[in-house]
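If you scroll down you'll find the structure; I have some questions about it.
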Amino acid sequence: MAQATASALRGARKSRRGGFGGLWFLAPALLFMTAFTVYPALSAFWLSLHSEAPFSGNSVWVGSQNYQDLLRDREFHGSLLTTLFFTLMTVPLSIGGGLLAAVLLHRTLPGIRFYRVLLFLPVAVPTATAAIAWRWLYHPVVGYINYALSLFHLPPVSWLQDPSVALAAVALAVAWQQLGLNAILLLAALQSIPEDLIEAARLDGATPLSIFTRITLPLLSPTLFFASIVGVIHAMTTFGPIDLLTRGGPANATQVAVYRIYTEGFINFRFGYATAQAVLLFIVILGFTVLQNRLERRVHYQ
Amino acid sequence: MNASQPLPQTRKRRPWGEWILSYAGLTLLAVLVLMPVLVLLSASLKPPGDVFEYPPRLIPREFSLENYQGALEKAPLTRYLFNTLLVALGVTLGQLLTSALAAFGFARLNFPAKRALFLGVLGTYMVPWELTLIPNYLTISNLGLLDSYWGLVLPFLAGAFGIFLLRQNFLQIPEEYFDAAKMDGATPLQQLRFVAMPLARPALASLALLTFLNTWNQYLWPLIVTSAPTWRTAQIGLRFFLVDQEGSNYGFVAAGAILVLAPTLIAFIVLERAFVRGISVGGVKG
Amino acid sequence: MKGQRWKSVGIGLVAIGLGLAVAQAPVKVSFWHSMGGVNGEAVDRMVKAYNASQNACSVEATYVGSYDDGLTKLQAALRGKNPPHIQQIYDLGLQAMAESGQIIPASDLARQDKYDLSGILFPLARYYNLDGKYYGIPFNASTAELYYNVDALKAAGFTRPPKTFEEFVDYARKLTKKDANGSVTQYGATIRVYGWFIEQLIYNQGGYVVNNDNGRTKRATAVAYNGPEGVRAVKWIVDMTREGLMPNVGRDGAAQRQAFTSGKAAMFVESTAALGAVQREVGGRFQFKTAPLPRPAGTKGGTAIGGAALYVFKDHPDNEIKCAWDFIKYAISPKTQFEWHKATGYYPVSRAALELPETKAYWKENPNAKTPVDIILASPPNKSSQGAVAGVMPQIRQHIEEAMELAIAGKASVEEALNQAAQKSNEAIARYNSAVR
């Protein structure tokens, strides 16, 4: 893996003396991204400096007013905090689960291919299908989970209705969906670790646990890093499952920033203000990614 | 780390205890992981009157396809599924192409402002979708593409995730492979086609699956840019049953949800072979 | 825009081509609605029948997701300057639509056409009239009612539904059953977290949701739902939930209904429009009936209407507007409204539809279908049951729901939670009022 970093560095160094030819490879992607992401983002930023009357589209320049209001908006701060908690629950859960699945799958057993299909499967389940299924499991009255609890004489839990558990319940559902992807990525990474490296350590008398923590995990770190970046961005922009499971409730317990922005812009008709929130959220996610990047470098340069 | 270490084909026989433990762990995990899907499948196969029985039964007392018939009759789901399939395939192919090209550019070619451009691409990955919804609607509307496949496909033909994923993979391919290809006089495009893409097959398969699924999941965008049933997608059909609080029919919802799951499941099983093949080809990876 | 021009050239050519065959191609009119499931099928049937009934106009109905989804689509469409001709928008959107500057008030359309709107059912007329004008035409009308499991009530010794809050709690206690392990086998009732219910329960006591008499004498400047009526209503629900007489189903309408239809809860509060779904899910496993909402002993009042109205958007050619209006007239005509009532559970919007012999015969067979009309016609004609109007009603409803959730979770007392919510609502109202001026 050190090699990967080395070649990345090499690439960066060489770039100073390349021609323009390489740009042609980028052209199609850049064209579409400029038209459908960069341009909209910039025009939205422009909008965030305005205030609009509902539906009429009449907008008034308000400068930084929306941003100033945001500094005082406790609900928006709360939604950022909720986003953070949600991310902190989802990402470790989905990476941990994926790692467990990958480790279990990384062996030669008869029928392993079958298990592989089963454990990767959540990745192929559409959000709406997953949400419908989870709503059923979590159903406060006729749900399977509460039924299972009642078999052990435990009181029913209002999974999606109790503000103190709802966020965790949604996080579990979202982590479940991400688990399959992480299992795929990590299994591929596990299989690319040379067997003789492990064998040599075993001959040196290393325990399975120390092999895992000293050899396997460090070699998986680039993949874990990739999975965590993707997981964090995914968690911070999760919308569908929240819309389908809790709609930001109960008592704002699952009101993550993207859901708040949607409500503010499209239900409360405050588009300028909503865009200002989205711009701020963008900056927050960017900050996180930069931070992760720093962390990764430290991991790599050891 | 050493490159070009082939995976040993023979392994030591494992003790029985470990076998049993492995199977037990795998089975337990598989049941936990599959529970949501099983619950749904079970509900969809029950006669409508049994859907809400309590205590809940995972294995229906009586099997019935009534919910499927109902779901297919009530909304033009087959047409919607066809539309979604076409759109998802279009977007997936487009993304694979644009991402592979751009990722190769970033990984192996040199040009001015490369680092800045790469950061810019990564930046677009973090743009909340709410920002792009209305401006993109206006673009598509001005191009006269409302109610068309193009309107559903065009905005998603390139994405930062794909570029990021593939670049990461292309960077891990040992330099020697490209050097060899260069000696044979391969152009960069040929290096991409014949060296990088085959070696990054698992990544391409993952990207294809995720793109397919993301497109499959889209709801608000298709809702906004289409009005005629001719162009609508399966998620809209599913909401027809689901969102309506007062009249929703859970048996139909479950059947609809399983119908919407089927194509992605097939796509997954097809691509799963690609992961495996890719992994064994990638055995040379370091 | 260029694409549009080519499209219209294309449409022109097609029109000429058709013109050779038929005398005149029908004028196309788009109609966006939020009716899913059974109700959506009823809309499709209605539109088909209209198109077959004449050949000047052709309506194309499009399902645009939930009411909220529909508003999202509308906002994009308005910015792109291609709104539909007609859109169905929920009751709460009344003031925002009236002040949007994007619609043609229905009263103006009626006046030009010399159409008499006085046949619209009185409670609906009162709700949808703002400054003496209709902006949209009520299309699907509902109200909140009580559904109860006759068999379960009988087993507990009750022969009629509860009429007061106090009675309701008493019933719920007797109806709640536990097994040997202490887990609940039957709940007394279930009432989900839904702001609309609270609004209706406030009207049922003669109270107001916003000030200035529900915003009917003057523009609303603050909320009133945190007054005694609101506190009583929320407390009633919160206390029963916390006592374990009701399961906590949250905001989930389907979960609430399933608790009732599966026989796990003996009573529930829901829109009158859910009748069809309840009937289907119960499937004759037990007998159920509908009744008016209870109210605290010693109070007086009546519920307001719910549902949605049809709005006509401007910036369309005159002949298209004419067709849009023609369809609306068809949609609210007595015969159409009777079919609609039968298919959906929404009650008819015109007096004439109530008088039809078909309607009377239908009610004889299905007494449950008549309950909403009895309820709504029994509401006293005051400004409480007229229903609240404010530009930010959707937000106000969210705030009420947050307050209920806080109180149910025990994180705040009912009074605290409602006062906190009221503060947020008041800020939203002030912001809206300054934005539209």
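Going in written order, the chains are labelled A, B and C, and every chain counts its residues from 1.
What we mean here is this: a contact is a pair of C-beta atoms (placed from the backbone, for glycine too) under 8 Å apart; a residue touches a chain by one contact, two chains touch by 3 or more.
Model, not experiment: these values are computed from the prediction.
Asks: As a test of whether you follow the contact definition, which chain pair has the most C-beta contact pairs?
Replies: After tallying contacts for each pair, the winner is A-B.
Asks: Greatest Cα-centroid separation from chain B: which chain?
Replies: The most remote chain is C.
Asks: Where the CA atoms of chain B average out and where those of chain C average out, how many Å apart are those spots?
Replies: 38
Asks: Let me have the rounded angstrom distance from the C-alpha centre of chain A over to the C-alpha centre of chain B, please.
Replies: Centres of chain A and chain B (C-alpha means) sit 15 Å apart.
Asks: Centre to centre, by mean C-alpha position, how many angstrom separate chain A and chain C?
Replies: Taking the mean C-alpha position of each chain, the two centres sit 37 Å apart.
Asks: At least two partner chains per residue is the criterion; list those residues in chain B.
Replies: Correct list: 52, 54, 134, 219, 239, 242.
Asks: Which chain C residues sit where two or more other chains touch them?
Replies: Residues 72, 75, 79, 258, 262, 264 of chain C each touch two or more of the other chains.
Asks: Would you pick out the residues of chain A that each touch at least 2 other chains?
Replies: Chain A, residues with two or more chain partners: 141-142, 266, 271.
Asks: So in the complex, which bits of chain C are touching chain B?
Replies: Listed in rising order, the residues of chain C that touch chain B are 1-4, 6-7, 30, 32, 34-41, 60, 62-66, 69, 72-73, 75-77, 79-80, 82, 84, 253-254, 258, 261-264, 270-271, 273-274, 276-277, 280-281, 283, 285, 344-345.
Asks: Across the complex, what residues on chain C touch chain A?
Replies: Touching chain A: residues 68, 71-72, 74-75, 78-79, 96-97, 99-102, 181-184, 187, 190, 193, 247-252, 255, 258-259, 262, 264-265, 391-392, 394-395, 398, 401-402, 405-406, 408-409, 411, 424, 428, 431-432, 435-436 of chain C.
Asks: Which part of chain A faces chain C closely enough to touch in the complex?
Replies: 51-57, 75, 135, 139-142, 150, 153, 155-156, 158, 160-164, 246-247, 249-253, 263, 266-271
Asks: Would you tell me which residues of chain B are touching chain C in their complex?
Replies: 48-49, 52-54, 74, 133-134, 137-138, 141-146, 219-220, 223-224, 227-229, 236, 239-250, 252
Asks: Considering the complex alone, what residue numbers of chain B touch chain A?
Replies: Touching chain A from chain B are residues 1-3, 5, 7-8, 11, 14, 19, 22-23, 25-26, 29-30, 33-37, 39-40, 43, 52, 54-56, 58, 97-99, 101-102, 104-112, 114-115, 117, 120-132, 134-136, 139, 154-161, 163, 165, 168, 171-172, 174-175, 188, 192, 202, 206, 209-210, 213, 216-217, 219, 235, 238-239, 242, 253-254, 257-258, 260-261, 264-265, 267-269, 272, 275-276, 278-279, 282-283, 285-286.
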